[in-house]
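Two complexes are shown next, each including chain A; its partner changes from chain B in the first to chain C in the second.
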Partner chain A sequence: MELICNGCSCLCDDVEIIGNEIAHACRKGAEFIRRYKTNRLASPTINGERVELDYAVKSAAEIIKKAKNPAVLGMGSSMLDAQRSAVELGEKIKATVDDFSTHAGVCRGILEREIKTCTLDEVKDNADVIVYWASDASNSHPRHLSRFTYLPRGKNRQKGFEERDAICIDVRESSTIEVCRQFHIIPPMKDGELMKCIMEALDGKVPKSSFLGSKEIIELSNKLKKAEYGVIFTGAGLDGSARVNELKEFMNKLNAVSNFHMIPMAEQCNTRGFSQVLHERKYERTSFKEALAKGKIDAALVLCFDPISEMPLSLSRSLSKIQTVVIDSYKTPMTELSKVAIPCAVNGIEAGGEVIRMDGVKFGINKIYEKDGSIEEKEIMKMLMDLI
Partner chain B sequence: MANPFQIYQFLPKTNCKECGEKTCMAFAVKLISQEAKIEQCPYLEEDKKKEIETIVKPFEGAEKTGLVIHDELCTGCGNCVVACPVNVANDPHGVATGRGSKNEKLILQVKDGTVHACDIENCRRFVKPRVLCDVCVVLCPKKAIEFP
Partner chain C sequence: MQDNKIELTVVTYDDIFASSFSRDKFGKEYREKAARLSMDESDMNALGIKDRVELSNENGSVVVYASKSTAKRGHPGLAYIPLSIYSNILASSDTRRIKVSASKTEKEVHGLEELLKACFPARN
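This part shows the complex of A and B:
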């Protein structure tokens, strides 16, 4: 039986479990499926002490109700149902909602139809120029190049990688650079400047850059210009240094002379889905880190996510001082520091639901194994909603 | 990776046919595929012979299955599986399009998160006429595949 792996946002739908063997999944996906029972959160706890589920949910509801400036965090690996109820809860209590995604701007541009996009299947069938901008796909999404972009043979690209150009733009020599035929290494935070230089070269001017030679930029812009079907995959590094407006301007300029699409390399299996949910409900994502640094947050509900490993130490310290409720399947630093921790079934393995791939295609995931005792995230959210 | 041109530049280029091949270039190709020996050319000087030996030596060990997969480095990305020309020829609608496949004739397959060699005897490097294909090595992001 073929199943969908939700180890990352590639959502490979050809993974199979034959006996004890997990076939076709990458190392990340195979370990995600094989080790789902290790390091699990055993039972609901309040301040580290075991309690009954109803009591834990009741205490969680009280913490959220009492808070003046609550926040709802995470949800990158939650199913769409849980994400919808979390955003609904956020609306109700007027909370800061954040998923720590580094693709929020690109996703929003795509959903508002300001940035041209396409699906990964279209990339496989048509793309001849593939750009990985600030993304190390070989490590973050191991099967991305072999399943969707550079290597597979598609309808109009029968020779696979021999007919395609893969260009990597990054701040370091990553693993993806080893595979791509061409690469450009730029200093950190200079993506916006490189975009401006490429736009100048597209206009026929000689670009002046502090880090790349004019000839190199002109060659790159010519390659982009000649593309029949180009795709830019934007990684986590791009969002920090180039503003969304710059990206939109760059894409418009590029599309005036060529045919380019943009797909965000969403980190977790349903990061793109969360952007879609926020867009559907017209709720604004606000920066949790900024609000926390200013001391504006007094309670947080964290869903299947560990903000401690994502934030600097100073912010983690501030987070440990406020009251937190965590719903997660695994033990993390966040569950150790939280006031209330509630275990849930592992999304995509013990619990099914709908997820959205990085290119906006919706997939229905069925559970692989039966859950042993734990409750699904959406059910816990429903219990919380009823109490609030 | 060595190619016949590297060997050809050290050969006499006279096409004397004394080695049994029609041209010096054909002799160079046979040297790489281990089907001819350096001693067959009577006009080779000692220093040039040594140069050719150093080029040909790595291929002596690759008589049968010289493929090495470093399990600890492999991420199971499947680049080698999708790019391998023999895999593509044997499964054009499965592996060639990027999908996982149960085809038994595949040379490389991803199992339990890492690449495993299955039907290595059909690799282009081991079936005659030998081709020094190194697509799997070139496209590995972690340099986990090696031919000695």
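This part shows the complex of A and C:
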């Protein structure tokens, strides 16, 4: 049985289940499929007590309706139809909508055609210079280098990695650095400074950096300048370190002398899809963390997401004090702390739908196994929408 | 040596092994992968630690497993840990880079159930 893995935003479409074996999947994708029945959220609960589904949904709707400043969170692993419902709900109740993605700015720049991009298939066929900037793809997107970027033989890169340069820029000696031919270790928060230095070198000036030698920066700049088809993959580490305006300026400067594209290493299987849904509906993503820190959120609907594992404890404590509704397949710190928890079928395994890969290509995912009692996230969203 | 402390910058990252078990956060495998600090050998020696370390700052403290870094270049003063609730106990607004004091400990690494009880006492 062939399937599309939704373990990350690579959406590998060559994964197969042969008997008890999960073939071609990476460690992460295989574990997600193999252990999909482990740690499941067993039944709807209110304050940890089991309740009927209808009652849980009704209580969830009451919480959302009563809220003066609600938030809708998560959705990175939700299918497109559930994402659309969530954004529609967000519009209706004027909610803070946030997926915690660190790639929101880059995705927006791409969707508004301010940042040049391409597909992963085009990378495979054409790319000769590949830059992983603050991205440890070997850990976050394990098959990225072998399926799409550095290792495969493409239409115009028949020799595979022999015809490509893969460059890593990171604050640590990551697993990806082990694979790439070249790397530059920079101190935390210095990405913006390095971009400025590269731009100076592109202008023919001698760059002055506090952490890398001028020669090293000039050599890197020359490599970027000479690329026939270059791609920069932006990782989560770039967030907070370089602002999206700096990235745009850098790309414009680079593209005045070279041919570079940018693709965000979107965290979850449909992080890119969520940006697209927001863009289609012209709804603004706003920072939940900032609003929560200012005491401006009084209720949250959390979809297939565990913000407790993603934000500082002080904010998680604030979140635990407001009314929260969680729809998730698995037991998480968030489901444990929520007022209402509603289980759903596992997206991509028990429930199919459409998702968008990190490069903007849409895929239809079929379910692998029949669901075991729980209903799909989109159906729960519909029940909620009908009551609100 | 017991009271030895060193200052570290902890950088969080997405670890394939921790994320493989991220749908079972209450499980032992997740704890063993997510609560694991990769340290420079010289820092481990300075603290006299073998397998565990206590990290603390103004936001809180947490005990995690300590492993010798596999990086070829030394990185004293810099340590790496998967982004998770363990690292978030110490995080201010930036969950990616965290300044901490590290010290030797005999305490155990908590599982997520115990950690939630300790971090959210009002909910239990």
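For the reader, a short list of remarks on this structure follows.
The rule we apply is simple: the second predicted complex is superposed on the first by the 388 of 388 C-alpha atoms of A that agree within 3 Å, B and C clash if a C-alpha of one lies under 4 Å from a C-alpha of the other, contacts with A are read in each partner's own complex, and residues count from 1 in each chain.
We take it that a residue touches a chain if its C-beta (ideal position, glycine included) is under 8 Å from a C-beta of that chain, and two chains touch if they have at least 3 such contacts.
This structure is a prediction, so every number in the text was calculated from the model and none was measured.
In the superposition on chain A, contact of A:S138 is made with both chain B and chain C. Of the two partners, chain B and chain C, it is C that touches more residues of chain A. Once chain A of one complex is fitted onto chain A of the other, the partner contacts of A:G213 are absent, as it touches neither chain B nor chain C. Of the two partner chains placed around the shared chain by superposition, chain B is the only one that A:F161 touches, whereas chain C remains out of contact. When the two structures are aligned on the shared chain, A:G295 is found in touch with neither chain B nor chain C. By the touch criterion defined above, A:E16 lies against chain B but remains apart from chain C after alignment on the C-alpha atoms of chain A.
Once the two complexes are overlaid on the shared chain, A:S146 sits against chain B while remaining clear of chain C.
In the superposition on chain A, A:E310 contacts chain C only, with no contact to chain B.
Residue contacts after overlaying the shared chain place A:T176 against chain B, while chain C stays out of touching range. In the superposition on chain A, A:E31 makes contact with both chain B and chain C.
Once both structures are placed on chain A, chain A residues 26-28, 31, 138-139, 142, 175 are touched by chain B and, in the other complex, by chain C. Across the complex, chain C is touched by residues 26-28, 31-32, 35-36, 38-39, 136, 138-140, 142, 171-175, 185, 188-189, 236-237, 239-240, 267, 289, 293, 306, 308-314, 316-317, 320-321, 329-333, 336-337 of chain A. Contact residues of chain C toward chain A in the complex are 9, 11, 13-17, 19-27, 59-60, 71-73, 75, 78, 80, 83-85, 88-89, 91-97, 112, 116, 119-120, 122-123. For chain B in complex with chain A, the touching residues are 74-79, 81-83, 88, 92, 96-102, 109-114, 139-143.
On chain A, the positions that touch chain B within their shared complex are 12, 14-16, 21-31, 34, 124, 138-139, 142-143, 145-148, 151-154, 160-161, 175-176, 178-179.
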